[in-house]
Amino acid sequence: MINFAANTTYTLPILVHAAVPLTIIVVYALVAIWGERKVAGFIQDRLGPMHVGRWHGWAQSIADLLKLLQKEDIVPKDASRFLFKFAPFMMFAASYAAFAVIPFSSGYIGSNINIGVFYLLAVTSLLTLSIIMAAWASNNKWSLLGGMRSAAQMVSYEVPTIATVLTVIVVAGSLNLMTITEMQAGNDILGFLPNWLIFQNPFLIVAFIIFFISILAEAHRVPFDLPESESELVAGYQTEYSGIRWAMFMLAEYADMLLLSLLGAVLFFGGWNSPFGDFMSGPFWEFFWFMLKGLLLVFVMMWIRWTLPRYRVDQLMHICWGILIPLSFINLVLVALWEVIF
Amino acid sequence: MLYVFKEGWSTFKSIFTGMGVTIRHFFSPSVTEKYPYEKIELPKGARAKLHVNIDDCIGCNLCARACPVNCIDIETVKATDDVDLGKTSTGNPKRFWLTRFDIDMAKCMYCDLCVHPCPTNCIYMVPEYEYSEVDRSNLVYHFSNLKPEMVAEVKEKAEQEAEQKKRERQEMMRKKAEAAKKKKEEQEKKQAEAKKSSNKNDNDKPSTPGKKDS
Amino acid sequence: MKTPEEIFNYLTNQFGEEDLSFESRDIGQPWITVLASKIREVSKFLRDDSELLFDTLMCLSGIHYPKEEELGVAYHLHSTKLTHNIALKVRVPESKPNVPSVESIWKTANWHEREAWDMVGVVFDDHPNHKRILLPDDWEGHPLRKDYVQQEFYQGMPTGE
Amino acid sequence: MTDQISNIAEKREMTINMGPQHPSTHGVLRLELDLDGEVIKNTRPNIGYLHRCFEKYAEEMDDYSKVIPYTDRMDYVSAMNQEHGYVIAVERMLEIEVPERVEYIRVIMAEMQRIASHLLGIGAFGLDLGAFTPFLYCFIEREKILDIFEKTSGARLLYNYYAIGGMIKDVHPDFKKDTNEFVKTFRPKIKELNDLLSGNKIFIKRTANIGVLPEKVALNYGASGPVLRGSGVEWDLRKNDPYSIYDRFDFEIPIGKGEMGTLGDCWDRYIVRVREMEQSLRIIEQALEGMPDEGDVTEGIPKRIRPKEGELYARSETPRGELGYYIISDKSASPFRVKARAPSFVHLGLLPAISKGALIADMVAIVGSIDIVLGEVDR
């Protein structure tokens, strides 16, 4: 047991390590919320926020955040007070903690543990718990329905996510995200393609598609945004939340989206490796490439969100249990066979 | 199994078609009008606010009667004989002082029904839409251009004149009645005299009541 | 396709002369006045007879006749197969405004009858859910009666301006 | 809270209030749902939150023409059609003919309004199912129609443009040009809408086989308009009981065929609306061609409206179905009784019949597919 207060030699590096992902998350969330509104605006032939901060309304999410901070913190009379207040923070903590094992560049990773992927998947499962907690504590029927949907959805979709991650691990042979990234360096495939896992094995393309669909569901994005589907369940588990607690949910959700996208980038698109070999490499550029890949996936998620309607809860379950899970396991076998043969 | 693949393929196809549509829109220009900075001009007949050209109003009350929600409140006073209010631009003579012409835009339902009956086309909608108010009573627009003292004066004058006219009329009536009475008396007198004289001449002449006057 | 007169004649063959009467005014459409107690039978016949086939009830309206102190219900029927229309009317005294419900014949009548009860105060016998529809359940009076006076307060709230 | 839990556990059923403040009840509709899990056991619609005493007002007005602005406010999404129904009813009572040009303007306006209303209905339906973007694309097109309306009548939503015996004023000089241009630009947009929404597999999965309304039930419940046509009944008052000059135009009645699932499901009702927009475009094109250029539209408006004693029920086809006005006149200047038979009112009545056994998400789809406007339901 380390006494943090007394031992500054430990505390300082821990605080720094904690601060880096937090800064990234907060800055990203502010940008992404603004960005999502912009993307939605452009797709819908609108402009999106234009007013706050002059240039294309860049300060809109900061203004929103300030507004949310000032809002009254309403706790329903019959709510379970402690759980109600605690749930949003737990949700944020879950997605924040998972960032510890994300290798942002060759020079920076929060904690280079050798079971990185395992840890990440385990920690993100807490999201489900916090959503159920929020839903139950709100004492609202719509919230409850949203919470139940969310629990069913996330538990189900964890299976194909893990199965596809397993596929990658079969190829990479490691649970350490840093190692997985490092082995994707170089441009050897067909002479110019980078050594990213998605290009190494044709079945990994299928794996990526399954993975992408699953993370859409895990991050509650359209067409799988049932827990908070505003036209059915008002706002799902967030119905009774307001002010900063609601902002916490929002932050956690966007963080989760980024986390899963970054995981996808690590597993399939070579993490922080530059697509041009040694050109534009180095710790800073690595960070740039990594974030770019993650944000591109986030953009695709947004693009899908503003195009599609949403599935119904039973169809969602059918897609998961009836199609994705069998397919991902078949795919796992095929990938393994490919690895053995070639 | 084949069915699943077929379904999956058509699902993906339709999703990509949809995403193609949205990405095309992503790069097409927006249709937004940045309202407080850019304003589009409303067409001429746009119904946004009622306006009364009070100089042309003859106080006929037709608009108030046409209004389904009674948002027009008009009070008129008949002009005294010594003032000439002139004519409207359409040539109708004005006979009334408009002591009150209020339109409650909070009540107005923009139906345009008051515009059409107006004989001088003095009430109409104008394309002016930025007139929200914090206090609802500010939405009552007073179109009458008479000053309060003027209103009082006009009213007093009108009352006086009305009274005078009434008095005159009464006087006239009285005079008329008197004259009629006088005439009657005279006639009766005459008749009596005539009777007297005719009694001597002819007893059978029927007596006619004094209705024959010049 | 039948004209209202033909429909009336056809109906009189089935039902007694005393139950039905054909009426029309200066303008507009004629209608058949039906004895209140017979309306359900007549309706059922109108719907099921192969030469009439009135499969839809377009409209059901409650009417208040203040002079006669009567309430009326007007039924407008039409047939999508034979494309003819007919209007039926029932008159009942204000003191005993009971009319048999035709909900079992045309389901449209369910809400329309509730509305007629709500607005005019016609009581429909055997209606499965005889409640007010547009106004709150504890509202007083029936607004579309000509002698209606609005209650001043509803649950402590003033109802006037 | 423990009480509630044990209650739910005992009954296995939960009663939930959908509305009056709910994002997808299209206004202030309250649905009491008895749920078993997410499966709906029973639906009880509660209406009346938007009751504005239309019928009482109509009887209190001292003039038949003063009722017209109130008819606008019944179905505020298709105000032109509401006015059309009312004016033809009163014109029939007065037994007056309206000039040719007026009839053409009326038809064009009504059909444009039908497109605008269907656009809103379709867009909102997509929105209910989670597709936000088609809603705004529909709005862009709808705005163009409203611009044309605004140029002519001066208002964007509640026009009060029809008058008894004519129109309140003549159309804008640009009217023909604008409308032609709109018709031309709108056709490709329907295809785009089909790409984005109608053909989308997720959308089809959400709507096909949901809320099936068989033909017999539809007729028995008095359904009309796209809801009835979605069930495969070829019934359109513009064709079957022509009013105005609809008998002069060549157009088809699109009906549901059960292409994606069962006949009479939500998708059928939806696609009928999409195809109806195309037919409306055809009518508009023909009407623009046949419209006389000259003619005073206001000359036919009678100074004094005082029908003889009598009553009639006049119906017209609005975007939502059969709109009927039952008017009784007692020789006075104000109507003795005006009853509006609103299609949405009837359609909402059949909601319990088609929503049994559906999920909450399906309920949203069903409410969206019958396309109700609460202003018309509550009047």
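A, B, C and D are the chain letters, set down in written order, and residue numbers restart from 1 in every chain.
Note that a contact is a pair of C-beta atoms (placed from the backbone, for glycine too) under 8 Å apart; a residue touches a chain by one contact, two chains touch by 3 or more.
Predicted model only: the values in this text are computed from it and were never measured.
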- request: Would you mind checking which chain's C-alpha centre is most distant from the centre of subunit C?
  value: A
Statement: Comparing each chain's Cα average against the average over all protein Cα atoms, the nearest is chain D
Statement: Rounded to the nearest Å, the gap between Cα centres of subunit B and subunit C is 42
- prompt: Quick one: subunit A and subunit B, Cα centre-to-centre, how many Å?
  reply: 67
Message: Report the inter-centroid distance (CA atoms only) between subunit A and subunit C in whole Å.
response: 62
- prompt: In whole angstrom, how far does the Cα centroid of subunit C sit from the Cα centroid of subunit D?
  reply: 25
Junction residues of subunit B - those touching two or more other chains: 15, 18, 21-22, 25, 31
Statement: Residue numbers in subunit D touching two or more further chains are 133, 137, 140, 196-197, 200, 202
Message: Using the touch definition from the top, which residues of subunit C touch two or more other chains?
response: none
Task: Report the topology of the inter-chain touch graph, choosing from line, ring, star, complete and other.
output: other
Message: Taking the top-of-page definition of touch, could you list the pairs of chains it picks out?
response: A-B, A-D, B-D, C-D
Message: Looking at the complex, which residues from subunit B come into contact with subunit D?
response: 7, 10-11, 14-15, 17-18, 20-22, 25, 31, 42-43, 45-47, 66, 68, 109-113, 116, 125
Message: Taking the touch rule as given, give the residues of subunit A at its contact with subunit B in the complex, in rising order.
response: 39, 41-47, 50, 303-304, 306-308, 323
Field: Contacting residues of subunit A [partner subunit D, same complex]
entry: 40, 43-46, 78, 80, 139, 141-142, 145, 222-223, 225-226, 229-234, 306-315
- prompt: Any idea which subunit D residues touch subunit A in the complex?
  reply: 1, 14, 16, 22-24, 38, 126-133, 136-137, 140, 196-197, 200, 202-203, 205-206, 359-362, 364
Interface residues, subunit B side, partner subunit A - complex: 4, 8, 15, 18-19, 21-23, 25-32, 34
